[in-house]
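The first chain written gets the first letter, and so on, giving A, B, C, D, E and F; residue counts start at 1 in each chain.
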Amino acid sequence: MVNYPIGDLIAERVRAMGVRPFYKKFDHDGVQGPNMATVYSDQGLGVRAPVVFYNRCNEAAARLRPGDFDWKAITAGGLRWFHSGGIFAALSETTGELIIEGMKAAKRAGAVVSFDLNFREKLWNVWGGQQTAVSVIGRIVENVDVLVGNEEDLQKGLGVKGPEVSGKSKLDTSAFFGMIAEVVAKHPQVKAVATTLREVHSTNRHSWSAVAWIDGQSYTAPTCELDVVDRVGGGDGFAAGLIYGLLAGEAPEQAVRLGWAHGALLTTFPGDTTMASVDQVRALAQGGSARIQR
Amino acid sequence: MVNYPIGDLIAERVRAMGVRPFYKKFDHDGVQGPNMATVYSDQGLGVRAPVVFYNRCNEAAARLRPGDFDWKAITAGGLRWFHSGGIFAALSETTGELIIEGMKAAKRAGAVVSFDLNFREKLWNVWGGQQTAVSVIGRIVENVDVLVGNEEDLQKGLGVKGPEVSGKSKLDTSAFFGMIAEVVAKHPQVKAVATTLREVHSTNRHSWSAVAWIDGQSYTAPTCELDVVDRVGGGDGFAAGLIYGLLAGEAPEQAVRLGWAHGALLTTFPGDTTMASVDQVRALAQGGSARIQR
Amino acid sequence: MVNYPIGDLIAERVRAMGVRPFYKKFDHDGVQGPNMATVYSDQGLGVRAPVVFYNRCNEAAARLRPGDFDWKAITAGGLRWFHSGGIFAALSETTGELIIEGMKAAKRAGAVVSFDLNFREKLWNVWGGQQTAVSVIGRIVENVDVLVGNEEDLQKGLGVKGPEVSGKSKLDTSAFFGMIAEVVAKHPQVKAVATTLREVHSTNRHSWSAVAWIDGQSYTAPTCELDVVDRVGGGDGFAAGLIYGLLAGEAPEQAVRLGWAHGALLTTFPGDTTMASVDQVRALAQGGSARIQR
Amino acid sequence: MVNYPIGDLIAERVRAMGVRPFYKKFDHDGVQGPNMATVYSDQGLGVRAPVVFYNRCNEAAARLRPGDFDWKAITAGGLRWFHSGGIFAALSETTGELIIEGMKAAKRAGAVVSFDLNFREKLWNVWGGQQTAVSVIGRIVENVDVLVGNEEDLQKGLGVKGPEVSGKSKLDTSAFFGMIAEVVAKHPQVKAVATTLREVHSTNRHSWSAVAWIDGQSYTAPTCELDVVDRVGGGDGFAAGLIYGLLAGEAPEQAVRLGWAHGALLTTFPGDTTMASVDQVRALAQGGSARIQR
Amino acid sequence: MVNYPIGDLIAERVRAMGVRPFYKKFDHDGVQGPNMATVYSDQGLGVRAPVVFYNRCNEAAARLRPGDFDWKAITAGGLRWFHSGGIFAALSETTGELIIEGMKAAKRAGAVVSFDLNFREKLWNVWGGQQTAVSVIGRIVENVDVLVGNEEDLQKGLGVKGPEVSGKSKLDTSAFFGMIAEVVAKHPQVKAVATTLREVHSTNRHSWSAVAWIDGQSYTAPTCELDVVDRVGGGDGFAAGLIYGLLAGEAPEQAVRLGWAHGALLTTFPGDTTMASVDQVRALAQGGSARIQR
Amino acid sequence: MVNYPIGDLIAERVRAMGVRPFYKKFDHDGVQGPNMATVYSDQGLGVRAPVVFYNRCNEAAARLRPGDFDWKAITAGGLRWFHSGGIFAALSETTGELIIEGMKAAKRAGAVVSFDLNFREKLWNVWGGQQTAVSVIGRIVENVDVLVGNEEDLQKGLGVKGPEVSGKSKLDTSAFFGMIAEVVAKHPQVKAVATTLREVHSTNRHSWSAVAWIDGQSYTAPTCELDVVDRVGGGDGFAAGLIYGLLAGEAPEQAVRLGWAHGALLTTFPGDTTMASVDQVRALAQGGSARIQR
């Protein structure tokens, strides 16, 4: 976290969301940074696709490295879950190592460890390229219990070869399930792999589903038609809902549905963060309709 | 109407809409009220349902009671129509009685009397419960010529038993027409019963129709697909269009279409009030398309 | 262009779009004008149709007449294309003549000449009526190489008789191609005729295609489903994309697709001007999807 | 009033303000009008002066002429006051005559007649020039009881010669009172002349006062310092407050203060219309401070 | 805190400000409450005074009573300061008692206890009147170390007689200091009394100072000229800054300046809460100018 | 200029302002840049000072270096004036050299060369420090005819020692004129030195003047009181107005007034760019008041 007005703004949002942060503080020189990353997002509309690009130059987060956090203090009160993702891993040569350090500490504290592959070629190309990506992500995934990522993530980020399936619908789950065996063969400690499935009819209309393989069982969420305001964050919303369900002791099927429902609701808000309440998520997961509530 | 800035704001809107008001004035103590009711409404989007809730505490309207209005003066210049509804009836022990008093005065003045059942369980639960609701509404409906309300309204508000129909489409009219006989048996003076029909595909997409039984004849409006901005007020818009049509001497079928068209247009505006012109309503009722007008 | 703040605003927009203007300047008297035309546009929504009307009273543009521009100077650096349209032609008795003067000058400079019929009955009715319209437009089209206009434009603006086709889909291209023969018979120098085709399901949902006859060949763009924000300007966007494609040396089929793609994208922005980049247009023309770009 | 959406908007505002209108209706042709006048106003700020200009081309109001209104019907229920002003008088050759016709009808009905000179050179220059202005205004003022206008209005609009006073403060009242004699000599039926006085330190800071001569007595309102948001309408606010005070039977001094207070409050709102309540005006007139009311 | 969307919104703001809340939860019935209080505030402008009024009907906070909080748990980690005020004391018969209970618990935990008199006649008039106010406030103040309140607060809330001083400037501090003796005589445990002083030139322009009596010494902050956006909250900002200074171990004079500076900065933001950083407050307290920081 | 949406936005603004740009194009990698600089600006209010900070990390402009521009082509059509400033000079080791290269080319083309010292310590500290600053700026100023900068700029940027003047008003011109001798002794080719003078009473209220030494003569603009919305850009506005005046052949005194007027007007707009017309600037320069223009 950087000591300057943009950092204050972000810290306010973190507090508002009820998250207890552990920051390493950086001082901003007023000119060059270090900076909080800026994400520019055009939601698009209809036949006009959304566009996302960054100013991540001299990003404070990229400077984080093993040793920056006192894991013993952080996990002192107990830790149930540790989650990280492929975007943070791609920021610099040190962030992947920090993730691994954190995962090992989390494991020692008895936490479940999850990772959202979120493979972003543009980020890796800045310093490492795809070969580095596969190597770093591979070492991270050795510590992972719950893996989130779509086919492309598994192929590009994990180096898993997908079956040659052509002409299939984008909502067909067979290709995804077909890759699980290979993932588990490579990383036998992985207990769950999950992803969202979407077919994009237009920027504002998607068919939306989700699938998961959990402890050897396959689960598929319903398919629904989404009116999308801003699709960015839908995948994160799925991961958040899935983890919430598993932490809340829900059955795997229900956890997948909670992830699916939360990701769907997230696309109805502008921006990539959630404004959905737990009640809204549960209502949709249990087949809730869009009828008015009064 | 309360003498304070919120009341001034509402009175300005009433004047702007061209409505001649008859107010009982209340003084606000700056702290507790009496207050104008506040309705909080989240329009929702896609799979996210709309939400409506109130602050009706110490509401001025709930204090209205028989004797508050000089009906002789109000009807002195002649009166053609009197309309009230189930939300006002549910506000307190006195509002239902005031409606009955007003309806009797309107009858004396030769007016048609209509009532929109608009059954709201939450409101009745505050002071009376459903049994009181059925009793009060029953006594109101004894004075009614034109009744507006859907199946649920008829069942819960009027205590009419609907036929056991399962698996039917929400736009199927048979269930509604099946209940008319029972309504008319109970309240033989009722000359018309009407309602909107909608199937909610998502918060922003409804299939929309309307049906009416008028003087023994059944009428069904077309079904169209709506892009909905804010569904709240669609039913009121139907009632307003229907009454307008009947007052304007239109044939029953056309009156139903005018109600259907006005309710549909109302859902294309934010808020629960209309901004549609008579020309727009008539154009849609006569099969108007969404082609550009220039 | 009028010397007053509204004129300054428009001139700023013209510069911002990278257009090199040639203005005749008028002084505003602060009260009566001459004025820049005002276009009032309500985008409409769903079953509510868009509405467009004008204040074109004492419009500066209507005062433009042959002799106002120094065509020799304008075309001195070479001229590749000259485009005008039916709205400007309809403004006054002099604007059509100015268009003809300009077209002849453009021809002398070796430019391709195009004209978008854009027939607006309301405008012609102010001073000339339809007979004048057909006569003026006919004389304009004698100078035209590339003609843009739909069936109605061809019939009302050009006096071409369309075949009696009933019950046909609005996206059926046969009627359009059927009229080409008559157009070319009347104006044998015309080398291309093109138009957009749309079927309006609701104000916000159109099926969208485009067709063209170019040097004796027929071309049809794909049909896609549009989520429309503001349909005004879609036709202009098509013409602009088509001309861009032809100027850029694209094959006729690709030029038609570029026009089709640009018109489609233009309807996703508020207002009747474009904010689409060439890259976005090309991506959609080449079958681009609405997938996120990051 | 014109039958088109802009007219509907204005009519809505008129109703909202509680004004009972008497309209002559005009149909708009969708292109040329007749139009409701458009006033463009830049509030300015600090050393940047406000700017106001119009599009009054083919303005419906300018077409109003004697005979357009049924004065007998309008005054049937009694009439206490008739007010018009110099801007409407300047619109065309017929509007001044209509004002005179209306004033005579008002006189017959026993009303007080007032006129706000509001001399606008730009408007008169369009069709008549200053000589016509003086002639028309002179004939109007023959019917006036209460005249509102500053020194410049009296000089340019009424042709009264002001005393040669140099170096005087803009808030000095002697020049104004010095001109009254001449006004009354010319128009002996005039019973009151009033104006606001302001010294403009910057666009947002004025010193504000007002003076009146009523039935031979002179009255001066206090001088206060204004924080101005939008000065346009301050003079109209003064006239409205003064007339209100006189109609309400207030002593002349209090009526002047009410005008002064209302004009001052009006400059604290954007636009040229009032949002001040009678209570706010009375509080300021009685020396109210800007202390918080809770 | 009430379980409904308004409550969620407020809880989000509380978290965002970094405050650790201790809530008693109430369920909302969707209609009558209990409600979070609504404060309506018009900032006013220039000669137009700000206006504040409430809807506090069935307010959840008014239902709080002794026994609702587990003070032992709350103070378990140590407590340095306890602050409450006259608005909460005025809400109901139980809130004053809750304040006393809390103050006694805070004393036991070794905390400094402060109270902002904030006398609001309108609130007391709803249930108790001034006599009750003086009695309740008197019993509260018996537990207070640091008292915040202006002359009017001391007179009306505490029943202290102010000296008869006429014609004095509103920024004259003698009257305030003159009343301290009486306050301390009545409540000898009070160690500090402080208040802001302001002279209101217009809604947007105040002269601003502050004074305090701390442990027998008098302190006066500088007087500065404020450009005020929204004066509501200025007094709370003073109390917050003063308490911060005393908690931070600043000398009394500096603590008074920090309160003065924070209250001044708070009036430059819309709303009644702060967006000033500690750095901004300290800079202004140390004579910081309004020069640009870059 | 960078090829990405932020660059497109800026290029649109450059075109809109009528500036003919000469860009070196950079490609953005979607993540790290090169970026267009971002300036964050809080306008402040009253006692709250404005704040400005940057994200200039990997800024495209800093990569510009001698040889990047084809000066011969740029100056081919003649060049009358060349202006640059201290912020661009401070961006990197190459930008100062580029300025010198450009100035020499401009000189060869017969242009007047000006430089606004605009000394920003924070920028120089990133790579060079003050010693480098003085050395680079000194070498730049060797090519300068017209120098803009205040006392602090002259001292810190040019290393000129100011006279020890204490207790002087910030609008006292003697200190400034006292330093001219030293500047001219060091850089005898300098023909003019100019600066704005302001005394900041609050963020929104400044006293504003300007002084210049031109060809051995001293000129002082009037002092006026400004209501400031956003002070950033006032100095640039002064330079622009001064250069405009000199290019337009105005007398030096009038040129200084034009600069003074333009800088003053610029502070009445949000942002650091101008929306003032030449007419507005001239009117204020000639003693224009803030009276309404209609």
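Following the convention adopted for this analysis, a residue touches a chain if its C-beta (ideal position, glycine included) is under 8 Å from a C-beta of that chain, and two chains touch if they have at least 3 such contacts.
Bear in mind that the values here come from a model prediction, so they are computed numbers and not experimental data.
**Q** Common contacts of subunit A and subunit B?
**A** A chain counts here if it touches both subunit A and subunit B, which gives C, E.
**Q** Over half shared numbers or under half: where do the identical copies subunit A and subunit C land at their interface, same or different?
**A** different
**Q** Look at all chain centres (mean of CA atoms) and spot the one farthest from the centre of subunit F.
**A** The most distant chain relative to subunit F turns out to be B.
**Q** Provide the C-alpha centroid distance between subunit B and subunit E, rounded to the nearest whole angstrom.
**A** The computed centroid separation for subunit B versus subunit E comes out at 47 Å.
**Q** CA centre of subunit C versus CA centre of subunit F: separation in Å?
**A** Computed value for the inter-centroid distance: 45 Å.
**Q** By residue number and range, which residues of subunit D touch two or more other chains?
**A** Residues 30, 51, 53, 122, 294 of subunit D touch two or more partner chains.
**Q** Go ahead and list every pair of chains that touch.
**A** The list of touching pairs comes to A-B, A-C, A-E, A-F, B-C, B-D, B-E, C-D, C-F, D-E, D-F, E-F.
**Q** What does subunit B use to touch subunit C in their complex?
**A** The touching residues are 224-229, 261, 264-265, 267-268, 276, 280, 283-284, 288-294.
**Q** Of all residues in subunit C, which touch subunit F in the complex?
**A** Its residues touching subunit F are 8, 12-13, 15-18, 30, 277, 294.
**Q** Which subunit C residues qualify as touching subunit D in the complex?
**A** 4-6, 28-33, 35, 38, 40, 42, 51, 53-58, 122-123, 125-126
**Q** Under the touch definition given earlier, write down the residues of subunit C that touch subunit B in their complex.
**A** Contacts found on subunit C: 44-53, 120, 122, 200-205, 231-232.
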